[in-house]
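Take a look at the structure set out below.
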Amino acid sequence: MRALHIRLQHLFPLGELTEQRPDLGFVTVPAAYLRPTLLHLRDREGYTHLVLLTAVDWLEEDLFQLTYLLSNRSTGCDIGLRVKFPRQAAHMESIHDLWPTAATYQRELREMFGIDFPGSPRLHEEFILEGWNDIPPYRRDFDTLKYARANYNDRPGRETHDPEQHMKQQLYPDGA
Amino acid sequence: MSVRDVLSPFTAWKNLFRDPVSIPDPLNRAAAPRYRGFHQNDVEKCIGCGTCETICQNGAIDMVPVEGIETKSGDSGLRPRIDYGRCCWCALCVDVCMTKSLTMSNAYTWVENDPDLFCFTPGVDKKHWDNAELGYHCPTDRRITGQVRAHMRELEPETRIDSFVEIVQGYSVEEAILEADRCVACGLPCATAITSAAWNCSTPATRFPASAAASAPTSARTPALPATKATRSPSAG
Amino acid sequence: MSFDWMKIPYALLTVFIVFNYGMLLGALIQKIGARAGRRHGIPIWQNYVDLIKNYGQRTSITHGVMFYLGPVFRLTGGIGLLLFVPTIYGSYMFSNLSFAGDLILALYFVFFGTLGMALGAGESGHPHAAIGITRGLSQVSVAELPFALAVFAVALQYQTLSVTDIVAAQQGGVMNWTLFTNPLAVAAAMLAFLGSMMRPPFDVVIAPQEIPIGPPTEYHSAYLALMQTNRAIFPIAKMVIYMNLFFGGATSWPEFAVKVFLLYLFSAFVGVCFPRFRVEQSIRWFLIWAVPLGVLAILWV
Amino acid sequence: MALYTPDRSQYPAKKADGTLDIDLASGKYLKLWQGPNHPGITGNMSVELTVCGDEVVEGKTHVGYLHRGFEKLMERRSFIQCFPIVCRICVPEPDFNEYCYAAAVEDLSGIQSPERANWMRALILEMGRINSYLMYLGGQAGALGLGVIGQWTTYARDLMLDRFEEMTGARIYHMFILPGGVRDGLPDGFDQRMEETLREIESTMKDVHDVMFHNAVFKKRTVGQGVIDPAWLDQYGVTGPNARAAGVAKDVRRDQPYLVYRELEFEPVIGHDSDIYTRSDVRRRDLLMSVDLIRQILAKMPRSGPLIADMPSMLHWKIPRGETYVRGECSRGEYGYYLVTDGSGFPRRVNVRGPSYTHAMALLERMIVNINISDVAALMVSLHTYPPEIER
Amino acid sequence: MEQELKPELQIRKVKGPDGVEFEVEPLRDYYCEALPTVQHGAYIQIVEDFFNWARSHSLWILGFGTGCGAIEMRPLMTPRFDAYRYGIQWRPTPRQANLLVISGYLSVKTLKRAIRAYEQMQSPKYVVGLGSCTINGGMYWDSYNTIKRLDDYMPVDLYIVGCMPRPEALLAGFEDLKKLIRAGKAEGANQYAEKFDWYKSNQKRVIHDWDMPDYSW
């Protein structure tokens, strides 16, 4: 992994390589250099299999992180490219022309995180949720419990007691 | 498309002469000895510590007072009431049970047409599987809540007799953390009258010195991720 | 043209016997098919219970008159086929309403049920029903071709169009059944029999996996019950025709029962072991295998 | 003998930018839903077919019928609480979720699961693979009309479920592979009963081989149908038996051996002309290989030793910040978990990457054009897609 | 917030084969606008008991696996548990089914299809809820996309408990359902007709893009 990272650093201004396992490494890529890095990895380095394209929501740093995981079939190594960009009006260039299957990933990220990929085919079609009228559900600031309480009613008759408070009331009723 | 392709499918008919394999009476067929069926609870052994409620990820367990069991020191008088409209029979509550009182029988048939009847307190509400001995019991040699108690080092007897040095050497920082880690913060021992602040075990996350736990999400805007103890309030429903 | 009225109650008696026999035989064949899948299968009386349940449904939705007439046509096809052909040869009671030219009428009734069903299912407006009809009509009409050729071969061989005379010619010993006197015709007819019995090699019409049960998708409660009675009568009636033309008719009820059971078992025997043909594959299969046999049968007579 | 093959060049009419020019009002096209309530699909997904005559012109896969938002729920549960919910993601083979999640958590927290637990995990994964293949064979034969195969294979699968129930305490959702190890050992007398079950499965597979794979009508319906072009393997990320049937020897158990697959001898099964028949044959031979693998595992398995590593208290277990991706070879292809932790007691992000994600969406929509309506069910089952992996 | 309708659902002008221009409104149910009414059984009690006996012995299940419990329905129809012996059978179309099994959790998208399938079934129809997800939300009690109580949206006759109830539990459940039907207490369809508005308001509260007729016959 180290050798690959050094070779890449000559070409693109990459961040530090965090090596999770001998065959798996993650490296941060500035947004502008994403496409050339992907093309370079796919055509010259043999990382032809796009395993995964997903987003991580760092709410407290107000950043979205997109992870492109590529795998090299012959050597069995994986490399994850991390791209970070601000959460407001999140958008990233589409890579559906490099891998047709990326269009499906981008459709899901648009619906679940609200990240826009201009130019990706059938991007604004309903993919999983039908008639969704709230903010994209996978964002960290969407509270699923509050939504569930508001829209569906639970079965009544469920209340619990905290053992500590209950013991205090029972053993020392007047709080002496 | 050889002749064999036309004739060999007819070998399917040799099953006509083998007897069918249907289970003759499937309605009362016993499940495997280790099957995770419906819950049983030994009401005497249970001390109502609420750890099963803490670990239940479906919020299926409520601690409810039971008449005939009054609160005494060491027993909060509450018993777990399990809502089978939430339970997923993962038996984490059986694994984490402090006194090993909560177990599972291997009964699996319960059919009702009124949905509200599926909330029952094992051991208190009588059920036909209460004394079934087959079923899932937590393997005794393993506990979900950490290893066995860390041994406190002491001086050897030879040096002990000719000096007034403190015999018990106490824990190092790691041992202390390991030992503190084993407390499930059930609140029973510290529910005394004078509850001083140091012992107020409300949320275990705060009781650890900051260095042990990695940087807890500090920013206020992180959604109210329930620390383990605090799950009690939201699951109250 | 005298018409003795006594034949009508006897004919109704035949229909009643054949209906019950069809219900029980259908359940028995399903049990045998289930036994091939190593399970017990439905209880024998299950068809009756399903029939009563469907008649007992409280609501039913009609899509128009033709929708209602579809199952009625199909049932008339079944009963008509049964009535105009002698079930038991030689007995006055059970040679119900058969007359000189009933072979042609029987041929017409075999295809009449399918046409009525197509019109009714078309009215139901379900896309799956529409696809099922197009497949059903094309497949049954191609399956009809070898059957017609076989029937003409038999008619030429015995120089008559009356089923009673054909059965009379085949009496006396197994050797002079059409099975042995004209085996090619019987082979073509048996392949056609597979095609019209809606069993797996050729049941793409009511294929549950592709188009959920094709034409009868929209039929329910009382209409479905009408079709269930037909599913009891129509196969038995078709087998009566086959038995009379090719296997020497039946002189008594037990002989009738055994021969019909064997014919029904033949279609189930093939049906359990094969998946479905697509429509154009089944048409091509009939044209390659069954029709030449029929033509040869006619030439050979 | 090809009687008549119609010329397909300008048909159907295409717009300038290559998308299909279909106007339903013209009456030439019929929009047909092979919808969620349909016996011909595996699981709840629907394919919206635009049909002209009996031939599919365009297909769109619609998913989302089984969406429960696992990744959102897992962010609200601590690591031990995520363990029971994880196996609910994919029903025909739940153990792979448990293994991948447990391996990802161990990878990040630096805990090493003991030797005996690794053997137990490999045993469970192989048993789950056999169940999934048995259900596949029943579905493939059923989609083409051969109902009797489904009866036998589900019977054989049921015997295997009894072995699961006996070992793990549950039939389908075993909840047995815990982060850090396994929950319990083998019950006594298990090997002998397992050998009986394997022999019963092998005799059933012999019947299936005779009736299904030497069947003239089955061959006529499947040979040459639904061909996957090897060039698509990289574009559409095709993995598992679909890729192996196209001649590419890609098996994670061989390329990146995990658990104990280094010590087992097996050869990935390869097919060559990548149509529906070859894919079902590859899966049948894979099943027989799994039966042999189970025998090897039961022979070499250590019978004593710790079952679970010594873990910190699970109630408030915190894992330092990090991210990892763990993969395994499930019956449908490469199954992987991408886990990100931020040091709190809860996973920051879990992404489940099931093989059906690309097989059912991009690949199916590409392959469904120009095939007959009756073959849509057979094609969908032959890709062995399972919708909960797509929408989780 | 009202979602703008999909293009194929808007009102459109269509020219018939005979040149006549007419307007087609896809959302209006041309077949029947009436709401369901309470269907009473046969007048004589004996006949009703006889029909109930026949209905109990021939339960036709709709082949719609809505949740994860559907995988335990498969062993029911195959050699090992063989529900055919009890008169239970798969039917692919809602028209011919009289028992709808909601097998586990029900996401909102599937709920919409399940309601439509339920309404197309004929009058004496029964609903059985499997697993804990239909009683009080089950494991997905805090999920934004699954319903928590099935009896808010459909009249449910019977619940079978188990996080995926076993095939034996399913068979025991069907035996209990048969007793209910024979006793004449399984009148879910009439209950749906009586409290129709309550059910519809619950359903519309959860399904936001309601683009189908109120009662799809």
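Which chain is which? They are A, B, C, D and E, in the order written, and residues in each are numbered from 1.
Keep this in mind: contacts are C-beta pairs under 8 Å (C-beta built on N, C-alpha and C of every residue); 3 or more make two chains touch, one makes a residue touch a chain.
From a predicted model like this one, the values you see are computed outputs, not experimental measurements.
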{"item": "Chain labels contacting chain C and also chain D", "value": "B, E"}
{"item": "Closest chain to the centre of mass proxy, which here is the mean CA position", "value": "D"}
{"item": "Intercentroid distance (Cα basis), chain E paired with chain C, Å", "value": "36"}
{"item": "Where chain A and chain D are represented by their mean Cα positions, the distance between them in whole Å", "value": "23"}
{"item": "Euclidean distance of C-alpha centroids - chain B vs chain D, Å", "value": "32"}
{"item": "Set of chain D residues in contact with two or more other chains", "value": "38-39, 64, 67, 69, 72-73, 75-76, 84-85, 88, 148, 151-152, 155, 173, 211, 215-216, 220"}
{"item": "Residue list for chain E, restricted to those that touch at least two other chains", "value": "78-82, 85, 92, 109, 135-137, 139, 141-145, 149, 163, 166"}
{"item": "Interface hub residues of chain B, defined as touching at least two other chains", "value": "9, 12, 15, 20-22, 31, 57, 83, 85, 88-89, 115, 217"}
{"item": "Pairs of chains found to touch, sorted by chain label", "value": "A-B, A-D, A-E, B-C, B-D, B-E, C-D, C-E, D-E"}
{"item": "Residue ranges of chain B in contact with chain A within the complex", "value": "48-50, 53, 62-65, 70-71, 73, 76-78, 83, 85, 115-116, 119, 186-188, 190-191, 193, 195, 201, 217-219, 221-224, 232, 234-237"}
{"item": "Of all residues in chain D, those that touch chain A in their complex", "value": "63-64, 67, 69, 71-73, 75-76, 107, 234-237, 250, 255-256, 322-325, 327, 334, 336, 338, 340, 348-349, 351, 353, 357-358, 361-363, 366, 391"}
{"item": "Chain E contact footprint on chain C (complex, rising order)", "value": "34, 37-43, 46, 49-50, 52-53, 56-61, 63, 208, 212-213, 217-221, 224"}
{"item": "Contact set on chain B toward chain E in their complex", "value": "20-23, 26-27, 29, 31, 57-60, 83-89, 108-113, 115, 118"}
{"item": "Complex interface listing, chain D residues touching chain B", "value": "75-78, 80-85, 88, 148, 155, 162, 165-170, 173, 175, 183-184, 187, 207, 210-211, 214-216, 219-220, 307-308, 310-316, 318, 320-321, 342-346"}
